[in-house]
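This report refers to the structure that appears directly beneath it.
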Amino acid sequence: MLCSGGVKYAIPQAKKIYEFFSREDLIVIGLHTVFEYHDAMGEISLKAFLHEYRVNFPVAIDKPSDDINDPIPKTMRKYQTQGTPTLLLFDHNGYLRKHKMGHEHDLVLGAELMTLIMEKNDNEN
Amino acid sequence: MLCSGGVKYAIPQAKKIYEFFSREDLIVIGLHTVFEYHDAMGEISLKAFLHEYRVNFPVAIDKPSDDINDPIPKTMRKYQTQGTPTLLLFDHNGYLRKHKMGHEHDLVLGAELMTLIMEKNDNEN
Amino acid sequence: MLCSGGVKYAIPQAKKIYEFFSREDLIVIGLHTVFEYHDAMGEISLKAFLHEYRVNFPVAIDKPSDDINDPIPKTMRKYQTQGTPTLLLFDHNGYLRKHKMGHEHDLVLGAELMTLIMEKNDNEN
Amino acid sequence: MLCSGGVKYAIPQAKKIYEFFSREDLIVIGLHTVFEYHDAMGEISLKAFLHEYRVNFPVAIDKPSDDINDPIPKTMRKYQTQGTPTLLLFDHNGYLRKHKMGHEHDLVLGAELMTLIMEKNDNEN
């Protein structure tokens, strides 16, 4: 939300993926990860932001750590993401297949998404 | 802050104006105008936003209306701005010389700014 | 060469495809199709253009029609391309699988290319 | 014509200047400067190029050197331009006021053009 790279590149890219691919083939989930500016990044701000930027895919909110002194939320810690935007691709078995910090070129990402989609289709046939 | 046109066009343009022109010639002031999502747009959110987007010129916060039921803040009402981004150009005598809603092309804006700067210099000589 | 859409979108896209994909997986071939301005679009002009735009994949020159009064060259007529840029995707059996006039989004094209590549790999296994 | 920086930045910028400013205030002239690929850059190629890129302001062709062994044409030699795009601004008295190789930001250029326009208006009054 406050990451200019995320706003400029990652959100438009995620919206395009959500637009171009079928819901049967892949699921797009945003993750709102708050590791600084906690007071500025609450649910009310997020809702306003998602509305204004016309984000139409679901966006989850990363759960804060159980340790009250730890500013890093749970999912962020689990996947060791170091900032935004971060891209995580999971295959249909739930395995993490790609972990990329920063922007991935659309051509590469389109090819990688299709690889996972075709794997799934092969397994089902 | 939550206006994608403002984030994408107006803020980068204002930063460039601030960079290219001398502080003697013109003053750039941002105005944080909250007319919706009041809970998401407070001072803490603004500070985080300005830091992340590296806004280095001063940004004022438009004062809320004295009428508690009026969501439109004072400066916004005074100049009848209808949304963001809005550009207001004042000459060195304080007269409003341009009021534009939406984006102005850099070539046109550069020329208009220089017109006001040269008027000021002419008057001083 | 004289098509601004081709210069702005299609050539950069083709260069990226050539950069991102393996030569084992796909082959990129440009086609210089001259259907107007024949005097301005000869081989000398093409060579200069390819050098200046750093086109590093092979570019073929579409053969003129055997009918001297027909300005449309052979490949252009065969595939009924109506202008530039046109994208033709052939699978590894030589079948035309996509014929698109105008620009295709990188995400979609990346996915389509990967579909054809994985078909080939499936057939070989 | 074969300079990708010129095609991508300088020609669109010159077209905008031609569109935004009055013919009374300034004159836009392109200069076709051939210092390499002479065989690919003749008048026929130029005409096709200008038509395809919808260049609507006048474009002059730099005269070849009188010395047949000198590939640098006359205007290019006179103003010591070293490549394209190069921007030359002349005031209404014909004095060269700016000589810039590479791209100038629209805000800066708009301001500089207006400076010269207002000088002219001041002199006339």
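Order of writing sets the labels: A, B, C and D. Residues in every chain begin at 1.
Definition applied: a contact is a pair of C-beta atoms (placed from the backbone, for glycine too) under 8 Å apart; a residue touches a chain by one contact, two chains touch by 3 or more.
Just so we're clear, the structure is a prediction, and the values are computed from it rather than from any experiment.
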Practice item. Tell me which chains count as touching both subunit B and subunit D. Key: none
Review point. Going by the average position of its CA atoms, which chain sits the greatest distance from subunit A?
Key: D
Exercise for review: Using mean C-alpha positions as chain centres, tell me how far subunit B is from subunit C in Å, no decimals.
Suggested key: 47
Review point. Whole-Å distance, subunit A centre to subunit B centre, using C-alpha means?
Key: 33
**Study point:** Of all residues in subunit D, the ones touching two or more other chains
**Key:** none
Check your understanding: Mapping chain-to-chain touches, which pattern fits: line, ring, star, complete or other?
Key -> ring
**Study point:** All pairs of touching chains, each written as two labels joined by a dash
**Key:** A-B, A-C, B-D, C-D
Review point. What part of subunit A is in contact with subunit B in the complex they form?
Key: 2-4, 7-8, 36-37, 39-42, 44-45, 47-49, 52-53
Check your understanding: Can you list the subunit A residues touching subunit C in their complex?
Key -> 13, 16-17, 20-21, 105-115, 117-118, 122
